[in-house]
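To start, the structure under review is shown below, and the notes come after it.
Letters are used for the chains, namely A, B, C, D and E, taken in the order the chains are written, and counting of residues starts over at 1 for each.
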């Protein structure tokens, strides 16, 4: 997984039907040499802009969703505690 | 997923039979440290050159297709709204 | 896999229910051109901060877990021997 | 997928038995920030050195092969038309 | 796949039980823009330090192993012929 900060919402009205109801957000990796890399993630645990989150990618990301048939490859799996100060 | 702009069409007459009927396009990642990275994506939701899209990769990409047997690893899953101004 | 050093703990109280009981740690890749790249890994073999570990990613990471339904994409699969001095 | 140019053959007499009969080639990514990155790909559609090809990777690459049990993670899925001039 | 040179052994006494009997080695990518990137690979075809090898990654790597349940994501699938001089 990677640590990332949610920095914005992404709106896409035209999309695959199976994606209806999912919230997409722009995330930016924090820390280390990938700092500043951006990815679009789906969120189903009510994270918000500014939150630091744990993002899982690939087939593992689909394990957060109700079905294995959703074409999503990056999902917020946890919100890092506000008082968690990692290096 | 990544945010990318569709910048051209890719034509390949000689290809796997299972790919017949798919449209391939050249996409360029926008924003963050991967800006300018290119990938070839399949599009089945009628996106066009110039559109900003959400691209899903890996096994999740195949979830956009009718069958799990297509050797495609990157697909447009949504078109970002024109008035969506993300950072 | 990659060689990485565990450098901190990651605490996330709000997370997917299926993740309860898993310990998350911040790992930093050591050696080669990816030196300094960070990832968040799950650990189930009692590794500790400072340990050099072998990290497996993607669907293979889930093979360390009791179930294939856990949305985790990076796991510690081994602790590198303290007297193992690789280049 | 990525656009790449086939630049050489790779010969490996000692290899997994399941790989017998597959042709391996060295490919170099063309265009964008990954220009010059190399990967080894399998080819089953008679591409040749100098050809520009579409390469699919990961589990999707295995969808080009007769069986899902072949340990190959990158395959040529199409040959880009010679008169296709993309940016 | 990637072309890499095996540069050292990796010893990990504490590891997942399913990994017992596997030999782990440090590999360094050769050629192209990823030159010098390191990864840890499993070897079951008796490759040795100094050998140039073909490394397969991800779920495809597990196709080299007796079982799909091994948490390994990178495996040597072939040893490049000593007289194979690629660019």
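In the analysis below, contacts are C-beta pairs under 8 Å (C-beta built on N, C-alpha and C of every residue); 3 or more make two chains touch, one makes a residue touch a chain.
In this text the structure is predicted, and so the values were computed from the model without any measurement.
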Report summary line: For chain C and chain E, the touch-path distance in steps comes out at 1
Query raised in the report: How many angstrom between the C-alpha centroids of chain E and chain B?
Result: 31
Query raised in the report: Hey, how far is the Cα centre of chain D from the one of chain E, in Å?
Result: 19
Report summary line: Residues in chain B with touches to at least two other chains are numbered 34, 58-59, 61-62
Query - Complete ring sequence of chains beginning with chain A, oriented so that chain B follows - result: A, B, D, E, C
Query raised in the report: Taking the complex as given, what residues does chain A use to touch chain B?
Result: 7-16, 18-19, 24, 26, 28, 34-41, 58-59, 61-62, 68-74
Query raised in the report: Touching chain E in the complex: which residues of chain C?
Result: 1-3, 31-34, 45, 54, 56-64, 75, 77-81, 84, 86-87
